[in-house]
Structures are given as C-alpha cells and as structure tokens.
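Read through the structures below before going on.
The two complexes that follow have chain A in common; it is paired with chain B in the first and with chain C in the second.
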Partner chain A sequence: MASLIKDERAQMLVFFSLVVATILAYLSVLHAQNMLAGIESSRTLMVFPKEEIRNLKVVGEKSIMMFIDDSYADFMNKTSKISEQIKLLYARKGVYGDVIAFTKSERCYSVRITYVSGEVEYSDLLYCCKGRGCV
Partner chain B sequence: MYGDRMKAQAFTLEGVMASLLLLVVLYSFFQSTIVISPMWSEITDAQLKLIGYDTLKVLDYYRTSSDEIYPNQSLQGMIVHLNSTFKPNQDFIYALERMIYLADYRLELCWANLSTNAVECRALVDKKPTPEAVAASRIVVIDSGEFPASSPFYGRGYPIVFEVRLILWRP
Partner chain C sequence: MIRKFDNRGVSMLLEYLILISILSVFVFLLSMNINKVLEESQIESVVENQFSDVASEVSSQIVDSLAVYPRNGYLKTKVFMPESIGDIEYTVGLENGSVVITSELGRFQKTLSLGAAGILKLNLSGQTHSLAERHELNYTKISPTYPSAVLKLKPAAVLANYTTPGCFEVDVSKSSAMGVYNWRVELWNGTVITGDSGNTVTEVCVYWNPIEFNNYCYNESGGAIGNTAWCNLTLTVTDIRGLNDTDNATILISKISEVEPGLYIKKFVNPPQTEPGRPVELHIYLNGRGFRTQATNLSVVTVIDTSGSMDDETYYGNFAGNVSPRVWEVTYRINSSWKNSRILVTLSSPDSMSPWWDGYDKDDAFVMDVYQADGDYYRVIPSGWSNELGSANGIYFYDSRVTNSEIGNWTFRAVVAIPKSIPLELKLYKRVSGSWVLQKEFSTTYHPNYYTQQIELPSGYTDSDQFEYLAAEIYDVYKDDFFAWLDSDLCYYGGEYGVCRTGTVLAGTHNLYIAPRFPGAQQFEGEFYIQKLDSAKIASIDFIDETIGEGDYVGLVSFSTYATKHVVNSSPYLPHLTTDKNNVVDEIKDLDEGGWTNIYQALAYARDILLENTTYTNGTLPLIVFMTDGRPTCKYLGGDYNSSSSYSCSSSVCGSNDQICYNQIIPLAEDVKNTTIGGNNITICTIGFGKPDDYNADLLRDMASYKPGSSEKCFYEAEDYQELSDAFEDISRIFRIAAKNVTVRDVIPDDVQILGTELEISGSANCTDVSLSSFGTDTMVSFNCSEIYIDDEIELIVRIVANEPGTYFLDLPFVSNVTFENYPFGAAYNQTVYLDVVNVRYGGSERASVRIE
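Our next item is the complex of A and B:
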C-alpha cells in the first residue's frame, strides 16, 4: 500500500477523465442551447400571423379596389362597413384587425392595415391606384 | 508481488471511476438535449396548417372587372350560390377535396351582423374534428349586388365580409 502513496500514474486517469467530462458537459450545454434556440425561433416563425396580415393586405388592395368607381360618399360608406365587419370578425379571435380607407381621389385611395394581437403589432399604409396597384 | 496486486486493483478502481464519470456526463448530455416545449403541440401539424392556408388562398378569386362572374370553384362563387340550406356547390367541394387530399375537414362560414354587432357562423361541411385538428381561415369581401334573391345574404345593401374557416386533421 505504501508503494501507492507516491504513485501518481493512476490519478492521471481520473484527472483526464475529469477533463474529458468537463468538455463533454460544456458541449452538452452548448447543444441544448442550440436546440432551444432552434425550437424557439421556428415557433416564433410559425406563430407570426403572416397569412392573416397578407390576407388583410389583399382586402385593402383588391376588395376595396372594387368600389373605386363609386362616388366619394358611397366609397367611404362601403369601406367603413367593411372595416366594422373585419373588426368584429377579428375581435372574436382576441385580435384587433382593421382595414380602413381614409382618402379617395378619382382613381386612387389610401388604406391603413392594422393587426394587433398579444404577440404581434403590425400597421401598414398602402396607397392604391386603379390599374397601377398599391405601394 | 503483493504491492503490484494492490496497484493493479487501484488502477482498476480508478478506471471504473473514470468510466462511471464519463457515463454520467454522457447520460446528462442526452437527457439535456431533449428539451422540446410541450406547449407547442401544433408544431407537428404545421404542414397541415400551411396546406389549409394555401388551399384557401388558391380558392380565393380576384376579379379584374365587375362584369366577370365568380367561378363555382372559388370561395366567392361558393358563397354567392349558397341558399338557405348552406350547402356548398359540388364544383367547390371537388376542388377543395383535391387540394387537401388525405386530410379530413370541416368548413365553416362566419360573418358579422352589424345590426346586433354579433358574429354568426354556419357549418357548411359539418364533421367533428379530432383534438389534433388545425385551423386556417381567410377573409373575403363580396358586394351586396352579387347575391341572387335565393341567397340568405340578399339585399343587405353593403359589402359583406366573410371569414371562411377550414379545419383540417389527419383521419
């Protein structure tokens, strides 16, 4: 037994295994972090209501354009009715969604798109002209 | 001789300790990597949800002039031709079922009643979804003048906004 006291060769085994274990532990933490980051970012991407926002933009661009040839009063009346209905439909999902036209000339109008939920706040302003689309 | 045997035992013991240490670390390595948020159950059905949104987008029809008639297969054509039974036309059902092939579905139509400030809904295809079902929806606007006299939406006097909800699940 006395010969083992000053023999440090076996201790090197434990020492190196400790080094390897530390490296592995560090790698496992890094790997877990990467997994979490990947899952969270893909979740954020999935939860983001891009389809709903695109749909509201389509309503602002295409559906409101159907009334561009109406008189100013008719155009404003119809688009405000559309806005009221959209707000009611989105309120059912706990979301504030709105498409409201607020200026109109002979061939052009401006429309504001709004989408506000617990996670996302989006607002956009489109200027649309007959035959030229929206910017 | 006795000293060598003791030395060998100590080496064996420390070898076992080292292997145990590595085993524990490897175990914690694999345990710690399986951290998947249980709240996000929809992640597995994300593909089905995308199919739902794509289907509704394809069926949404944009007219280039007011003289154009909505095709029967489109969302607008289906809604315009609804009568008091709220049964979609066969062309629309055929087109819809081809696009969501292999998935089962439920179709709902919702609209806002401005006189009561309430949202009314009707099931156009009434099937019971499973708990894993996912929903996609699309808003369409149809002018009041498009509806025939047989339509429940006839004579409203203002454009009507509809929400078409498509609920999909794997059978």
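Our next item is the complex of A and C:
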C-alpha cells in the first residue's frame, strides 16, 4: 500500500482519460455535423422528368392536331403509328410513354397521355378541338 | 506512543481518493449534461436542416407537378425521405398551403409555405409518416367541363297510323362532354336507345297505338288522347368520368294531318359548367313543327308551256378562272451571215392534235411573238390562210430582208391552245439561191396550261336521260384570248370561237376545257346554258317530288298551240289525276317543244282536271301551278274550248299588249279561283319564265291567287333555271308555313363577354342577320324571320365567356322571348314565348388537388 501512495501513474491515467473523452466528444459533434448536408431535394431535382412529359404533351396537343382534317381512318392510322414510335423511344430510356388518340370527330379528338417511370406516374386525358385548343 | 504530526492533512492515499471522488462527482455531473451538449443540440441542428430538406423536396415535387400539370388526369411521384432524422420519426403533411413536418412527439416542427401556387391553384391535403413503406405525392385534376345533353327531334311532329309508322330522327349531336360520351334515350314507353359520341343520330319509327299513348303520353289540351299524342323522350349523356346530364324533348305523334303548325323553341347553354376564361355557347333553337297548314291533301295540276320558245337557251351555271399560258421561249442569235437575207421562221407540231382540233383549222391553235434584235416586235396570228403553214400544223414568220440593225439575238415566244401535251418544232430558214435552207431547228414537248370545269346534268329528269343540248359561252371580252372545248369538241358555234352547243347530250358530268391562246391571256368567265324546256322539266319534277306526298293528287297539262291533258291514271274515273307521282314525272320527261302559246285552253284544262271527279278530290286543297315563258298568242274564238277550231293563233292575234287575250283569260282565271272543291277554293300560282319582256307579267299576276294568309300574289318571275327552281320550291312551301314574323330576343348580362354570334338556318326560313344592341348595361341579341316553314331549323349561337368564377344567368325575364304569328297568322294570332332561364356556371372550386400519402 505504501508503494501505491507514492505512485502517480493513476493521475496520468485520469488525465489521459479526460483527453480521450474530450476527443470523443469532439468527434461525435463532427459526426453530427456531417449529417447536416441535405440530399433529398437535390434528388428530386434530378429525377423529375419534366421535359419527357412536356414532350408528350406537345405531341398530344399540337402534333396530332395536324391530322385533324384527315379522314377518320387516316387519323387513327397516323396517330397509332406515332403512339408506337413514342413507346419505342421511351422504352429505350427505361420508361413507358404513350400518346394515343382514341376518338375523332370533324374538328375534335380525345387523346390520352401516359408516362410511367420508377418515380413518376403521369396520366392525362385531353379533349382537343381545332381552333379551340385542348381541355 | 507519540504521534508525529506533519503538514499533510490527509495521507496521500486519502488525498488521492478524495480528489478522485471529487473529480468523479464532477465528471458525473458533467456527464449529466454531456448528452445535451453533444447530442441534443446537434440533433436540433440536424432536424432543422433535414426537415427543411424534406420539405424542400416535397415543395419541389409540387412545383414540378405544376410545370407539367395534367388538365384532366393525375401525376403520382415518389417522395424519398429518411426513416428518422436524428433518431426521430416524423410526419409530413400538406395543409394551409404549406408543407408541414412534425416530429413524433411534436417537439420539432418545420413549415414551408408553397406560396401562391399552393393557395391559388391547389387543394393540399394528406399526411405520411416517415416509417411508411413508401411516400407518394398524388396530383389530380378533373376538368370542370361537364357533359351537356341536348336532344333534338327531326321532325318534331310525325304522322302515324296503325299500318304506317311515323319516323323521326333522334339527334343528340349537339350534346357535348369532356371527351367521348355515351348517351341513352328513354322513350315514353320505357324503350331505351343507346349510343356513343361517334353515333349521334338514330331513327325511331312509331305506329299509332292509342293504348300506349294513353298510358305514357299526354294530350296538350288535356283529357284522353284523341288523334294526337305528345310523348316525352329523355336523353342522358354520361362522360367517361361518370358525370352526366339530361335533357327532354316532346314528339308530337298524330294520325291526322289537321294539326296546327307551330314553333318548337329550345334554349340551352353548352357546356353548362366550365372553368373561367373558357368560352361557352348559348343556343336558341327554333323548329317549325307540324304537317301542313291547310286541308288533308293536295290536288295539284302542273301546267307547263311547251311552245316553240321553250327551245331557247336558259342560264344553267357559270364558270370563271385564271390560267396563265405555257410559253415556249427560244432565243437565237442572227449573225451577220443573215444580213440582207430573207428569213423564214416556222412554228409547227407533227402531232395530229386529235381529237381537240378535229374538223377545224389546226393552224389556229398556234400563236408566236417574234422579238427582233432591233427591238421590233411582231405577233404571228393565223387568220384565214395568212401566216399558216399549208404542209403542217403550224404558222410562220417571214422577213424579206435582215437589216444590219436586226443582227443580234432574236426571241421567239410560242403558245399553242390545246388541252394536251404535243411536240413542237421551231425552224429558221434562210433563202439561198432561190431555195429555203434550214439553218437552225429547235424542238420541245409542249405541256400546255389549261383549265377544266365540270358541269353536271342531273339524271332522272328527261326522256332516256337525254338533254336537248348543253351550251357554253365565254364572255365576249375574253373570247379572243381563249379556246374552249366542251368534252372534246371545240367550241365553235355560229361562226364564233368560244361558243359551243352540243346536240342531244346525256345526263352526267361534262367537262369544259379552256386553253389560253396568247402569251398574255389570263382571266376568263362565261356561262352554261340548257334548253328552257329541260330546265322546266327539272324544276317541275323537283316540285312534284318535294310537294306531293302520300294521298296527294297530281296531274299535268302541257300547252303550246293547243293544250293537252295528260293521262296519268289507268282508272277511267280519274284519268288525269293520280296519287302516283311517277306517272306524271314520266309524262313530263316526254314533253317536246313547238307551237304558239294557248294560255286560255291550258287554264281551262287545268280546272277541268281538278273537277274531273270530285268524289276523289273532295276535301283536298286544289292548286294549279301555271308556268309559261311567253305572251299569249292564241285567241279564244268562242264555242267549245276543247276544239282546236275554237282558237286562232298568231303573234298579233292578242292585240296590243295582249289585251284581247287578257280580257278572255282573266275572267276565266277568276272563275277558276272562285271554284271550290269540298269547300276549298282553287289556288292558282303562276310563273313567268325568261326575260321580263318574254311574258306578260301583268296577265300572270292577275291570274294568280293570293298566297294563303298573305296579301302577296302567288306569282313568280324566273329569269333562269335556278330562279325557276326557286319559284317552284317556294310554291311547294306556301302551305307549309309554321310561323310568321318571328322575332327572337335575348339579353346577355354585362359581366359576360360576347365573342361572336352565328345564325344557322336549315330549310327555307327567311331571317335577318343577328343584331347586337345595348339594353341598359346589358347586350340584347336579336333577329327576325319573316317566315319559318315546317321542318325548318333555325339556331342562334352566341359565344360568350366569363373570366370570374360564378353563376351567370343568361336571361332577362319577360325580355328574353320569342314573338311570332301563330297559325292561321295575322295580328290576332300573335304569341309570345318566354325563353327558358338558363345559366352557365364558371367554377372556381375545381382546383387541382395534391395529396401526400
């Protein structure tokens, strides 16, 4: 016991314990700080397919309108081909896209626009009339 | 034992233990707060930032959705978020135009406003928990354009009996919806007819069934169904979203034709509900309803002039156009070797130019302009034998001496009038030692420009479908510039090019070809003609087809020097009247022209036919339609008017201004008009055909009766085929007036903008244009129709738009109305119908919705 009385290594032990504790506390703060950087909003900005959907809408509202004066059979034939091409084109991007017109009167037609990817599913049904646009 | 004291209060061990203990307490106390210092304060920062991040993500998704928003559909997007933030679970919700994130115990909350987009454009709702398997933003928007059902019945009244059905069209074509729609019409008896927007018209036929009608229909006058039933039909239109609209209409079913005519009036707005800023149409629809204004059936005698002047031409149609000639241009240098030489330039074609120039001087097809180097210009036009090549089809240019100033480039511009491609040759000869020696030759295939006009001669109007002739003439001012061909025959008639007249010609399509003759020719205009009698056949047969219905009698008198009663019925009791109009049509087809104009005998014969056997015609409305193209040229000498010896015919026998014949014919006409058959006076309608001086308008006007319910004489003047057809058509309508002096007024409120108006008329109604006028702060839309005939359809369409949400009433009570004279017409029969109150709803609540889940 007497030998211990004069032993000062325990004090060093305590001292170094405080140092280690301080370092650990600092590291934990640093770790928490690293977690602050946001990632979700940037992911959103990257994955949302605005242009892909817009392109489909342009086809549905404007490109198909060019055939409105065609006969019913020609109109359906042409729009059906467009639909096939769009599906093929979008399939190469790993998504499903389609613009399919399914009725036609003298001045108007109905068209369904569909886009489906892993993150986004879009469906719109438009009724477009010559000179009056789409609703 | 003596204790030795030192400076130490405690031993080293105890000191160590005390210090450690104090330190331990201190560390313990410190550790109590270290969690707050090292964890919670950090979590607060983390939560603040990551909640913001998640809210930003949701906000971004919503804004992106707005960028590609579906007008009528949905957009689903996945939302990614950590299961916990700082070991805290949380919920994300949409409310009050904001994205709200709340920690599980509510300690932390983050709200991110979506601004105007969220408040004005979207209905936000929903909530998701961070531990949910997946998170989704669901944007949906349904178009507020609601379906509109509009049911029209054509005609709105039908005759039906036990064996013959009355048929009418159920027309739902004016209905509308967002995209395709299905429709369903339920008849009064529960029968259902269905269809879709690709098939909007269907025919319904109904037999007279008093039991059914008494059960399911009604009598407008009250009481049990007698001879007429009013039966309701209900239309339901359903769009692809399941939204629907209904409309009703009433069909008048009668087994007798003595139903007073009237007006069917309907007002509707299409679509009835839409979004602000989108135009809608206000419709006011009028339909002449009924059968005939008087009597059960007609007895009609058509009297047709077949005098010699009916062989004259009458206008049938016109043609006009522009065609620039194809010019073949050749430039050749006349060098000094030509100096003082004679030059001959020929333009020719080795083609036979058949069939276009067969039988005519083919050289006349060629024209050549010659531009010499010194600026002199010559146009080579064949005339007689002048400038014409004898050995070939073509023309030539000759210059006796090429002067020094003419040395240089010569340009030749050639035009050939022919409606087919032909080879062309241009040759230049020089006179050498008394012979023409070819110096230069050019050739080409000439593709001419020409104009083609088709003209249709209708079949079913003449014997064997043969018309007496078809003529065409280019107007004089253009005649020299063009050649014309009718089918493949060159137009050359009466010594004049540009005029043609075929012999007997078959009904069907015929072609007129017009080819320019000169380089500068461009514009032309001209007319087609057919024989007057042929045009009278078309107009009268159309009249019979249009006017004569089931149970009507029809007969025919033709006249020239003498009148002829045509036998059209095998019955010995009624040989000159028939209900089979085809017999009369066949007789009309066989008519030939030639002779004087015996109006007296023709009128007497027409009367005789109507009186031939009144057992049959009793109760019918007797009508004589009298058409002539000439002045009377036969005088009645007295005695038996059936005898040919009772007439003297010549161009002067009727005296000055036909007064002698006038004094004979008018008393006869008065006698005829005063003759009654079953209580109905004979009505005479007269038509003067041709130029005003050709016939005696005063005579025909005085012969004519007044139109029913009118102070206007039933007299028409027709200068050409079209006017003759119009006159016959008008006569066919005089017993079919549904309403007179119709005035439609409606008021559009000032908070609705009028984009335009349109008046659609189907039938023969005479209506003015739509007028707009101020009515206080509002706008009155109105138009008038002097007459609306049975089965006519008149539809006023007013395109309007409102930019603010709300319900707009398109009506002003007691001002929006239709006033008209009802049958039997006149001031005493004025009627006012107030228009239905209709409204259009501009919806503001139909915003898109965004839901997170």
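What we mean here is this: the second predicted complex is superposed on the first by the 95 of 135 C-alpha atoms of A that agree within 3 Å, B and C clash if a C-alpha of one lies under 4 Å from a C-alpha of the other, contacts with A are read in each partner's own complex, and residues count from 1 in each chain.
Definition applied: contacts are C-beta pairs under 8 Å (C-beta built on N, C-alpha and C of every residue); 3 or more make two chains touch, one makes a residue touch a chain.
Since we're looking at a predicted model, the values are computed, not measured.
After overlaying the two complexes on the shared chain, residue contacts for A:Leu125 are found with chain C alone; chain B is out of touch.
Applying the stated contact rule after C-alpha superposition, one finds that A:Lys57 touches chain C and leaves chain B untouched. By the touch criterion defined above, A:Ala25 reaches both chain B and chain C. Of the two partner chains placed by the overlay, neither chain B nor chain C lies in contact with A:Arg107. By the touch criterion stated above, A:Phe48 is placed in contact with chain C alone, chain B being left untouched. Once the two complexes are laid over each other on the shared chain, residue contacts for A:Val14 go to chain B and to chain C alike. Residues 1, 4, 10-11, 14, 25, 28-29, 32, 35-36, 39-40, 43 of chain A touch chain B in one complex and chain C in the other.
Those residues of chain C that touch chain A in the shared complex are 11-13, 16, 20, 23, 34, 37-39, 42-43, 45-46, 49-50, 52-54, 56-57, 60-61, 64, 67-68, 70-82, 86, 143, 145, 178-180, 197-198, 240, 274, 278-279. Interface residues of chain A, counted against chain C in their complex, comprise 1, 4-6, 10-11, 14, 25, 28-29, 32-33, 35-36, 38-41, 43-45, 48, 50, 53-54, 57, 102-103, 105, 110, 113, 118-127, 132, 134-135.
Taken in their complex, chain A has these residues touching chain B: 1-4, 7, 10-11, 13-14, 16-18, 20-21, 24-25, 27-29, 31-32, 35-36, 39-40, 42-43, 46, 51-52, 55-56, 58-59, 62-64, 66-67, 77-78, 81-82, 84-86, 88-89, 92.
Taken together, the chain B residues at the contact with chain A in this complex read 3, 6-7, 10-11, 14-15, 17-19, 21-22, 24-26, 28-29, 32-33, 35-37, 40, 42-43, 46, 53, 57, 60, 62-63, 66, 110-112, 114, 117-119, 136-141, 143, 158-161, 163.
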